[in-house]
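Shown below is the structure under consideration.
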Amino acid sequence: MSDPSRPSGRAADQMREVRIERGYTRHAEGSVLVSFGQTRVLCTASVENRVPGFLRGKGEGWVTAEYGMLPRATHTRSDREASRGKQGGRTLEIQRLVGRSLRACVDRGALGERTITLDCDVLQADGGTRTAAITGAYVALVDAVRWLQAGRQIKQDPIHGAVAAVSVGIHRGVPVLDLDYDEDSACDTDMNVVMNDGGGFIELQGTAEGHAFRRDELDALLVLADKGIGELLAAQRDALAR
Amino acid sequence: MSDPSRPSGRAADQMREVRIERGYTRHAEGSVLVSFGQTRVLCTASVENRVPGFLRGKGEGWVTAEYGMLPRATHTRSDREASRGKQGGRTLEIQRLVGRSLRACVDRGALGERTITLDCDVLQADGGTRTAAITGAYVALVDAVRWLQAGRQIKQDPIHGAVAAVSVGIHRGVPVLDLDYDEDSACDTDMNVVMNDGGGFIELQGTAEGHAFRRDELDALLVLADKGIGELLAAQRDALAR
Amino acid sequence: MSDPSRPSGRAADQMREVRIERGYTRHAEGSVLVSFGQTRVLCTASVENRVPGFLRGKGEGWVTAEYGMLPRATHTRSDREASRGKQGGRTLEIQRLVGRSLRACVDRGALGERTITLDCDVLQADGGTRTAAITGAYVALVDAVRWLQAGRQIKQDPIHGAVAAVSVGIHRGVPVLDLDYDEDSACDTDMNVVMNDGGGFIELQGTAEGHAFRRDELDALLVLADKGIGELLAAQRDALAR
Amino acid sequence: MSDPSRPSGRAADQMREVRIERGYTRHAEGSVLVSFGQTRVLCTASVENRVPGFLRGKGEGWVTAEYGMLPRATHTRSDREASRGKQGGRTLEIQRLVGRSLRACVDRGALGERTITLDCDVLQADGGTRTAAITGAYVALVDAVRWLQAGRQIKQDPIHGAVAAVSVGIHRGVPVLDLDYDEDSACDTDMNVVMNDGGGFIELQGTAEGHAFRRDELDALLVLADKGIGELLAAQRDALAR
Amino acid sequence: MSDPSRPSGRAADQMREVRIERGYTRHAEGSVLVSFGQTRVLCTASVENRVPGFLRGKGEGWVTAEYGMLPRATHTRSDREASRGKQGGRTLEIQRLVGRSLRACVDRGALGERTITLDCDVLQADGGTRTAAITGAYVALVDAVRWLQAGRQIKQDPIHGAVAAVSVGIHRGVPVLDLDYDEDSACDTDMNVVMNDGGGFIELQGTAEGHAFRRDELDALLVLADKGIGELLAAQRDALAR
Amino acid sequence: MSDPSRPSGRAADQMREVRIERGYTRHAEGSVLVSFGQTRVLCTASVENRVPGFLRGKGEGWVTAEYGMLPRATHTRSDREASRGKQGGRTLEIQRLVGRSLRACVDRGALGERTITLDCDVLQADGGTRTAAITGAYVALVDAVRWLQAGRQIKQDPIHGAVAAVSVGIHRGVPVLDLDYDEDSACDTDMNVVMNDGGGFIELQGTAEGHAFRRDELDALLVLADKGIGELLAAQRDALAR
């Protein structure tokens, strides 16, 4: 049932339309354009046969992420970080989150001494870019691993379980799923939830923008997140099966 | 009852000794040395009669935080960020968290066009530096506001409610309160919880380091956090009453 | 007639397929995805009501460009410039070229005190990214100007003439049009030509990669460029008429 | 015949006085002060027994260039790039051009695993600093190679052919040779031409500052450039014979 | 006899109270909180089993220093250097001075291929932070060397002689010892003197802030410095004997 | 009498040949090439009608200095600071010293709200670049002030007294004047002395490179410095009278 309080008219527990398009660009070992409604993120997975210094010689691989936003992905143009000469705190925070989330489903020993870098570049932003990035990067990662397997570079599948992410929040007093930009700007509490397909939590980041949130509100948000994650995991499975 | 699984021998729900020492340095409007066991953070609050560009002329104040770690606050020396030429992602993430947490208890209109900067510098690290920083910064903030009130620069108290933070985690399968460095390095799940004195959540940041955490584990962690926050709020009140 | 010397099998004077897709993203005043074969560049035009310091108060506008390449737009992943902390020389050179080329068709007085920034971000690279960027940015610029006219913010059309760009080169001794990556890597001379619809040259940048090129080779290259530019100008007109 | 339209009173095809002074400083393996009229550039060639990472172990050498302008080489003082913390786009563009131009006359295999760095520092600027830099750097490069030969460090002369550069432009409708600052600021088209002593083009960079330039104008400019390059190559030979 | 001209009421040749507290933090091999009156500097000595590139393989060690000031160590808050992205000239100047001063009492051959880094972080500033830093860093250095000796990592004591530093200046025409902030701001000449326990000078840095100083004034200042250094060397000996 | 211990064969109290050439470049208000033997520094004085923020509206001027070294001014090539992206500690230290030294002879009220920037760029280094820079910058400063007076922009001469600088050191046990590079590399003590024409000290910076220096050695060095400064002041007067 549509919720009159949501600017989009969605029901409180309704996700935006999710699309996952594999093979969006041709050079990367995995390349996925993920859309959560109007939010569109290009996630590429690049395989390199080297690891960071702290892992050299240990027989383990590494999975890391970088995040960027095209200057005019947003309503008004933001400065290009390359031109300003540094990545902002928000960017660093998001790319650390994406990296940790994806590492949570990878057996780094089975990967061998390789690095998979997940570049998540936002082409168009409408709220939820970090959750779209995690959800899409998982599919790109699987494609890169399949490429390694196809080339017989690794024997064992290093991926255990799937990972997806969604935002939830309290908007005008109502717990809602998958915030778009209008809701995100106006909501009291904003929470990003990363879960795996075993129903476990990988990351939980909740912030009270307005008033502090109570325990019962948290519980309601987690129920919504669980529903959304289920749908996202299904969308990932569908995309990977195509 | 002491818990044999904790390296420190503390009970699962036992905080480290907390000390809050006001007036630690003399120039700042608020200056607090906060200790959570061996973790020691110097929190100063500096008042300036100007606001960032985006607030100019709006009659509102600003509260912000910066975080640093002395190079040898840790077991092995880390590079000095000033010398490397940039703050790392972890530093930016923490100082954004501290700033958001403290802004959550301030009426910025009542503060007037002033900025209060909370500098949290870790003199010695043993786990939990960000939670100690938030807990100590709150006391420094109150002292700075009292200084403004004593000088009749503001009429109304801009502080509504108290804020404190604590970490919880699952260490060797056991949910425990207030992780020290040894526990933090070895634990499966690490969560930082920021709450106010109304029992509401300001920030919740949980990360699965090893396996994903289940809903019942989350519930157990939140009970521990609530107990710890209660003790920290009491310690803040005691310090402010002295 | 197809040329056996070209890896692509194209005739010496044959362009790759050119596509110009307007309205590719929704926030920018102009947003164009331009493809020269497998090279794909997203060009957005952003209007801002301010000018750089050196133009303030002069009643003139400014047109400028920025260029970026997604880390995995290329065969192997390149470092993200935002993460390295500076834009490389190649990037700066290209964005200066794009900016100069587009300013050549704008009456900055008629634009008024506004800046139009053309962001050219390469989603996929296969040679000729800078010429695709100029060709696509022209269309995005026209769309942004139409938006200004539709909003009655400007009275007079500030755009006089169209601008397009193409590369030519000498590949295995044969002058060819519109180099793709394989040709670009192997060719002796590489020249980028920017022209307007009056047949005039805006920019000419030729580089001998192997042996120096002779005057008669230059002449042959300019004939090819002229043909290619004609086709690109037609493609721009078609796209703008849709 | 002197041209009334040129501020300097020079004929349209007349170069400024060119001086090439070898051994200007004593530490560098090659050190040349080159003057094109009032433009004075110090070009030093430094030999080092190492190559950049991408060439290590390949038995080839490298030739590269850096360009700088003293803060008060110009009419008004510019910021020192070292102090601003980065080299500007114009600087990077010029030093890339100088490096490419000089590499075009060097057999890098015969050079062996060595780097020759050409530092071109403008002591006084009056237009044409990049063309003076290339012309002078060639002489410094030859001196450095002679030094290597004198020390029997290399057997074969790695230099094949000479390289020189000159600017041409259309000033008040008249094609002219070797633009000085007054002409450069006022001209419609500005073109830098790098050629070798075989009459071949190494680099051609033409920019329409005002109106686009036509094919017949380009032809006239190339004739002028050819004449100027001839005189510069003679000046280089004279200097090297002294 | 107290001097009416000094804001503090101290006699012209009277030091502030000096305290040297060893073991102030627990991780560093040497950790000293040194106070010259209200100036408080935390000096840690960190031992690492590596040397800078220019010393590798030479069998010699290195001693270096870094200096920092907490943002609110001063009367008004200064920007955090890590946040501004570079260390200022004053900081670099001081840390170079501290490093040179301490290297002057170390036999780097006896130290072996190790680096000892002396981090001097000012917790509270009231003039003389660099002289306090040198004086305290010496004690931290001795503690780190003792730690190496206790672990039988080195056989021979690499420390020959002690080093201490003090400031002197001409304040309202009167030569005085150990300037505090009020005196430093108002004095005509400011001199920092670093000496060893053999009465020799390690560093002498005098600056005329107002009028130039005469030879007889210099002589008077050196007598004062000699007295102050004697007291500081005694305080170091006392601290190390505790 | 020539001193057998000096590599140059100079007498212990003998300066190198000093040359001061005014009007070396044409754009700057003051432009001086100063040579101390083989050390050659180009010092330009640039006048701008603005002052740094901290002086705005106070009716006072500012005098500041910047220092640079061309990459191959030295025996082996050093990295270009503009390319490394920051000025090193040595550079910052020297330019702060030059700025302080020159400000010591200027009445900033008489200068009015103007900034004079002294750029000291080392074309060739052979020891003593900072003392040559100060000595030459003084002459450039005077020329810039005369230019202001000639243009009737200021009424009162803001320069009171002359400033010059020289190095002294203890080389193989012998106090010597004006160290060249060979001596500087080998000497035990190195001292830079800045004095005015009233015989007063502006700056005194002595460093024990090897053993600490004694009071009687200091005295001998100051006598030498006084002699050298006298000769430099005479050379400045001669140059300014030409």
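In this document, chain identifiers A, B, C, D, E and F correspond to the written order of the chains, with residue numbering beginning at 1 in each.
Everything below uses one rule, namely that a residue touches a chain if its C-beta (ideal position, glycine included) is under 8 Å from a C-beta of that chain, and two chains touch if they have at least 3 such contacts.
Going by UniProt, the chains are A, B, C, D, E, F = Ribonuclease PH.
Just so you know, these numbers come straight off a predicted model, no measurement behind them.
J.: By label order, what chains touch subunit C (Ribonuclease PH) and subunit E (Ribonuclease PH) together?
T.: none
J.: If you walk from chain to touching chain, how few steps can bring you from subunit B (Ribonuclease PH) to subunit C (Ribonuclease PH)?
T.: Step count on the best path from subunit B (Ribonuclease PH) to subunit C (Ribonuclease PH): 2.
J.: Let me spell it out: compute each chain's centre from its C-alpha atoms, then which one is farthest from subunit E (Ribonuclease PH)'s centre?
T.: Chain centre farthest from subunit E (Ribonuclease PH)'s centre: C.
J.: Greatest Cα-centroid separation from subunit A (Ribonuclease PH): which chain?
T.: F
J.: Pick out the pair in C-D, D-F or A-C whose interface repeats that of A-B, meaning over half of the contact pairs match by residue number.
T.: Copy of the A-B interface among the listed pairs: C-D.
J.: On C-alpha atoms alone, could you tell me the rotation angle mapping subunit A (Ribonuclease PH) onto subunit F (Ribonuclease PH)? Nearest 5 degrees is fine.
T.: The C-alpha superposition of subunit A (Ribonuclease PH) onto subunit F (Ribonuclease PH) needs 180 degrees.
J.: What whole-number Å value describes the gap between the mean CA coordinates of subunit C (Ribonuclease PH) and subunit F (Ribonuclease PH)?
T.: 51
J.: Could you list which residues of subunit D (Ribonuclease PH) touch at least two other chains?
T.: Where subunit D (Ribonuclease PH) meets two or more other chains at a single residue, that happens at 85-86.
J.: So if I start at subunit C (Ribonuclease PH) and go to subunit D (Ribonuclease PH) next, what's the full loop of chains?
T.: Read cyclically, starting with subunit C (Ribonuclease PH) and passing subunit D (Ribonuclease PH) second, the order is C, D, F, E, B, A.
J.: With touch defined as at the start, can you tell me which subunit D (Ribonuclease PH) residues reach subunit F (Ribonuclease PH) in the complex?
T.: 25-28, 31, 38, 40, 42, 44, 46, 48, 66, 68, 70-77, 80-83, 85-87, 91, 117, 119, 121, 123-125
J.: Enumerate the contact residues on subunit E (Ribonuclease PH) facing subunit F (Ribonuclease PH) in the complex.
T.: The touching residues are 86, 88-90, 92-93, 95-96, 100, 104, 191, 195-196, 198-208, 211-215, 218, 222.
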